[in-house]
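When the chains are written out, they are named A, B, C, D and E in that same order, and each has its own residue count from 1.
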Amino acid sequence: MTSKTTQVWLGAAVLAASLVHASSASAQEPGLTDKTIKIGMFSPLSGANMAYGFDVVNAAKMYYDKVNKEGGVHGRTIELVVEDDRCNANDLVSAVKKLVEQDQVFMLNGGSCSAAAVAAKDYVVRSKIPWVMLNASADGALYPPTDYIFGAYSISQYAVGGSVVDFGKQHLKAKKIGYINHDDAYGAWNLEAAQATAKELGVDLAVESINPNITDVTAPLIKLRAANPDMIAITTYAKPAALIIKKAHELGITKPIVLAVTGTANVSQLVDNVGSKDALKNFYVQDVLADVPGGSKIKWVYDMYKENYPDLASKPDHPQAYMPYGIAPAMSVVKALKDAGPNPTREKVAEALRTQKFDSGVMAGPIEFGPNDRAAQESTIYLKFDGNQQTLVPGSFQSRWKYKG
Amino acid sequence: MPDLLELTGVSASYGRIQALSEVSLRVPEGRVVALLGSNGAGKTTTLNTISRLVPVTSGSIRFDGKPIESWASHQVVEGGVVQVPEGREVFQDMSVCENLEMGAYRRKDAAAIRADFERVLNYFPKLRERLQQRAGTLSGGEQQMLLLGRALMARPRLLLLDEPSLGLSPVLVQQIFGIIDRLNKDGLTILLVEQNAAVALTCSSYAYILENGEMALQGASDQLRRDDSVRRTYLGH
Amino acid sequence: MRDKTAAVLPRSEADLPGLSARSSVPLGRVALLALAVATLALLPFAVTGYVLYIANLLLVFVVLCLGLHLVIGESGQFALAHAAFYGIGIYTSGLAGNAFGWPFPLSMLLAGLVAGAVGVVIGAVALRMRDIYLALATFAFGEAMQWVFLNWDQVTGGPNGLRISPARLGAFEILSDRQAYPVVVVMTVLMLLLTILISRSRLGRSFRAVRESEVAAMAMGIPVRRAKITAFGLSAFFAGVAGSMFATFSTYIHPDSLGFQTTILVLTMIVVGGLGSIAGAVGGAIVFGLISEFLRQTPSYQEIIYGLILIGFMMYAPRGLFAFIRDKVGGGTRG
Amino acid sequence: MADHLLQVDDLTVKFGGLTAVNRFDISVQRGTIHALIGPNGAGKSTTFNCISRFYQPTTGRILLDGADVTNMPASTMARLGVARTFQNLELFGELTVFENVMIGAHVHAGGTWRNALSARPAGVVEHVEHLLERTGLTPYRNTSARNLDFGHQKLLELARALAIRPRLLLLDEPAAGLRNREIAALDALLTDLCRREGITILLVEHVMQLVMAISDRVTVLNFGTKIAEGTPEEVRNDPSVIEAYLGQEMAHA
Amino acid sequence: MTLDVAFLFLQQGIASGLIVGSVYALLALAIVVIFKTSEVPNFSQGEMVMAAGYIALYLLVFQSLPLWIVMPATILAAFAGAALFRRLILNQVARANGSPVNLVIATLGLSYVLRGFVRQTGFGDTPRSFPPVVEPESILIGQASVTTLDLVILATAIVVMAAFFWMFKYTKTGRAMRAVGMNPKAARLVGVDLTRIHMIVWGLSGGISAVAALLISPKVLMTADMGSIVTLGFAAAIVGGFTSLPGAVVGGFLIGIIENLVGLFITSRAIVLAPFLAIMLVLVIRPQGLFGGRVEIKKV
């Protein structure tokens, strides 16, 4: 019967292949040649959450392109392998494993979904591969700090929640804050910091946690109104945020509303969705970019996008709101590769990252890591927004939450 | 007299089970023809192939000279062949009135429908008393009358009657067959499926007996009534 | 539902590879089995850890499919809470390892038993209903369980997810997919054998009897309700074990992956493979799992392609992949 | 008393307002074939379903070998040695002929886990093969039940019921839809089961040829009430029976 | 919680519950009408709502057509799309193997296709809404705060439901639908064309979905995933009995109110859980739902 010979043949081929494989792997640092350096990217490129990652990847890609055009890093061009992680833990892990083991990338630059990204934590640490996240906050993977994982380039969720409370206390003189967050990982992290900050500043928090898919926000708002807070802080995604602001207006709540960066994706659409500028009479948004979207400081990013992706740019909703967040992580990767010298190893790059500090010009604050800190960006600014104009509130506001390891 | 309905060599099957093999029968216009046989002999299947609920594997069905074996069920009804199914196949949660109106589903002649509605209620005065009652709450005999009435509302040329006496008391059976007789006298052609051989043979002019999906016996009804083999089929003599 | 599911099920015993009651087992089937064994055995020597991760995941789905096969395929009960039992399995074995440092074979057993016990309790309530109502009740239970996973912070880590410490046996720790692979394979084979055993046994026959005709089953002395609950419990047990298998190579679990989507994925797998046959359950899991992984490479159109595949299957291969291949290749050799 | 394997006292069944069976009694003597006949809709099947415990009677008592089984669940009846067939065939359609009969043999495989998980419990398979042989189904052993022709399906139901090794066999229209040749074979088989193996049989039947040939005793129901009982000969000549069946006119023909 | 507050919560919970509940009721109606006539729980119902919403959005915002054209056009498009899906796809699935699970999976397939398609257009990312029919002004009813838009939504939903019930009860086609649901065989015997009725039923379900989409998108905002709102329609349908149209409506209002009361009196976190608990409770206590039909004894 032929199947037997086929098996033997198959077995031999398989064995040979695995040997070849093993020898090539041990030669030098994976993903590295004299001319190229291979970087693995992953992010949701499809499905429900593609808005969190698709254009963020595109932004990073165009930045790498620019670096390559300018001669690369120490003479090496950056090669990218991009995988779809579907914003889901199992798929993200399989993307990461494919990049590391199959594509043999030198390092990782990916992740836009926090809960999913945490799933790869142990694997990355065990494999000792430097991993620079994209716009995932993934505080679950950043705390406790590890030697290889770097993230929160847009902002740490802890910073988000804490700073909103700080802003409320310092700028709006609030003694009691109505706080609406999600019942997911994002929500849990920012609430933890908000509570820590509130405790330190002597502020009362009335918390309503809601599901991100909520369709009727009447109940939580009525309860908050009954608690009679001095301001309302919203740390939800854009959709619930719009619903809440609108409903708050309908319910006659006139207290200041502060919307965290998680919900500010598209402020002009927010105005449309809220439906009435009256609802925004006493309204502040938190921001983590160096300027308002499309503002002069970061205009170059949008121009670059139009130049690189003319087809996409002509589609509605593109570039997606989080697009500029892809720049800072790419800068961080390039800088770490530069700092690691002409003969980089994964260890050297991770080393460089651990003490990295630079100003991206895109994000509100500097990108900065420290001995006990793997969250890159913790600064926020606040803008008063009346539906047309955004006016910067002077000063910066900080979370009081500190990792206690 | 021309045949209104003619089945020639009709076979049908459920899955791989042959339900009918090579069944042929003729129903002349204006007559009552009975189709007899014991449980499971294929009587209902025969009606269902005519009503196009069961596909025909071979053979032809002609109605008024036209082949109808490839028609859809609603076309057959529109053509004038209407079945009164066995059992309690009324629209349970509709009123009696609605059930009757459903009978005229394929008709558009509003005035004639109204006239037929009256005609049906004259045939079945019981139904007039219960026009707004839910059909599911009617007694067995009333449901049977409703079924007949519903079929009449379609203005059939050929009525396929499936076991109208099933589960009815003798008085009711007599009533139903009285109505069948009247309908026939009024010019309606009827193919009658029955287990109750006596009544069926009384009110029909010609009869077929099915056994195991095959035509076993046929003949004029009054002849069959005297035939010993019929007696044997029903009493085991 | 007026059309009984039973009507779509292919002949069961003759469909099991190597289990045909006929004495002459077709050569092609032996070859296929040999190829499967060889592939499983040689895989770790041939491929990267990534492929092994995919293999591990697929095998977990194979066991999930076997479990759903027992309740839907064998006993004809439309239960839609599989992801919940899977989740119970993951959390149970994860916690047994994390908190008590149990050796993994023990936590696997525990995971199966806990899930199975919950299954029996839920089954006892839900199986008072049939068809669509059973499906909807179990669906609601599944959603409620996902909420529990998300909100019972002290136990499940809630929205932060749960880090699962490496599975251990004495001093040996499973730290990679390569190390986990043999365990996963052995468990899959064990569960497959258990399924075959159940299916061929009196128990399996009573499940199928209930599926085909409850009244006849009753007349044959089969306590129908108990049979249904047993099938439900076994199915949950399988899902629990699948969860514990997942916990051997995965380091993290988040409630997001334990929703209705996962149940539907498993259901789709067994329907696409061919409802009612073990081969269909196994094949459906592998084929559909691979399709899903390959689709990851074509991000922008994958939802559309995925949807079209489902519709296409239902239009042109309604009895599943294997029946389709058999019809096309075998040219109707079966009588 | 003791020679009555089955005794039904004062059985009444009401569905909603309809009285399907009214104060019905029947006693089936051990080792006999007893037929229950009557025109369509007479209440035979309802009575039958009460005895096999699929319907709950409104009032009345059912005794099996002297023991009250009026409130037994249907699935327990098999264990008590009562097997039944169905009027409209309730086979396990997708399962093979062999499996169908194996399921009938379930009650004899014992309750242990080992037996539950064993594919071929000792002794049972032989018995099943024997039954297949006896009903002439051996050639179709691995065919799905739904792919059999009607006659074989009927036989399969019978074989499946016999696998229970019943004391009392309840047959709901076993001859319906059978060809003459098949009815003759059934006749022989049932007679053999009763005379040689001592299985008591209660059958509901329309095919009089069979009823008259094999029954020891016949009970006639019409409109839910017993109208006659006796030997086949007595019943056949009972005017009320003839009227019920053939109608008034033909009764006098 | 003081008694005053509790009373306020109660009023607001019922008012808001009735308003969202009216939309859930519409969705439940769309689900039940299909289930009643073909015994298929339509898993693509949510995506039908979503797709209709995006058609309206496209016409209104991107083609700048006036509302009085957009509304009928959207409803018509949804009607046609759903009817065609039934005719071209499901008919073939039913012919190939009429098992309900196959039909269900085919509808699941449609849901993926529709979602993928909307994302492909680029509209699916940012939550959007189109201008509401009326400017929402706040009104107090008792102590409960609602808006003019809310009242318009409630009124429209009630009018649509009434029209639907009228059609179901008094028109020939409506009667045929009921007939098919009660007894498909008898329906065929009086000459009902099943294929046509199924198409119309799906079309109607699509049309109702479109109305629901037009009503709710100003309230819940549109994303490619907004179809998940139909889960609440399913919950409403189940609570009502799944085969009962009045049940669907009552179920819708109940779910809306329960959701709000749970949110107000227990915790906002449990809002999403409330419908499922309601389902389980109803099914355990009264398996056929509040308005479900009798459970028939199988004849042997």
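One rule holds in what follows: a contact is a pair of C-beta atoms (placed from the backbone, for glycine too) under 8 Å apart; a residue touches a chain by one contact, two chains touch by 3 or more.
Nothing here was measured: the structure is a model prediction, and the numbers come from that model.
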{"item": "For chain D and chain E, chains touching each", "value": "B, C"}
{"item": "Between B-D and A-C, the pair with more C-beta contacts", "value": "A-C"}
{"item": "Centre-to-centre distance between chain D and chain C (centres being mean Cα positions), rounded to whole Å", "value": "41"}
{"item": "Centre-of-Cα separation between chain E and chain A, whole angstrom", "value": "36"}
{"item": "Between chain A and chain D, centroid-to-centroid distance (C-alpha), Å", "value": "73"}
{"item": "Computed distance of Cα centres, chain E from chain C, in Å", "value": "32"}
{"item": "In chain D, residues with contacts to at least two other chains", "value": "54, 86, 90"}
{"item": "Overlap residues in chain C, where contacts from two or more other chains coincide", "value": "7, 151, 215, 300, 302-303"}
{"item": "Multi-partner residues of chain B (each touching 2 or more other chains)", "value": "none"}
{"item": "Partner chain E, residues of chain A touching it in the complex", "value": "46-48, 50-51, 183, 208-211, 213-216, 218-220, 222-223, 226, 238-239, 242-243, 250-252, 265-266, 269, 272-273, 275-276, 315-318, 320-321"}
{"item": "Sites on chain D touched by chain B in the complex", "value": "18, 39-41, 146-150, 153, 173, 176-179, 206-213, 223, 232, 236, 242, 245-250, 253"}
{"item": "Footprint of chain C on chain A - complex, ascending", "value": "1, 3, 7, 10-11, 14-15, 17-18, 21, 45-47, 50, 83-84, 86, 88-91, 93-95, 97-98, 100-102, 115-116, 118-119, 121-123, 126, 140, 182-189"}
{"item": "Contact set on chain B toward chain E in their complex", "value": "51, 53, 72-74, 76-78, 82-83, 85, 89-94, 98, 101-103, 105-106, 150-151, 154"}
{"item": "Of chain E, residues touching chain C in the complex", "value": "35, 39, 41, 89, 92-93, 96-103, 105-106, 108-117, 119-120, 231, 234-235, 238, 242, 269-270, 272-273, 276-277, 279-280, 283-284, 287-289, 298, 300"}
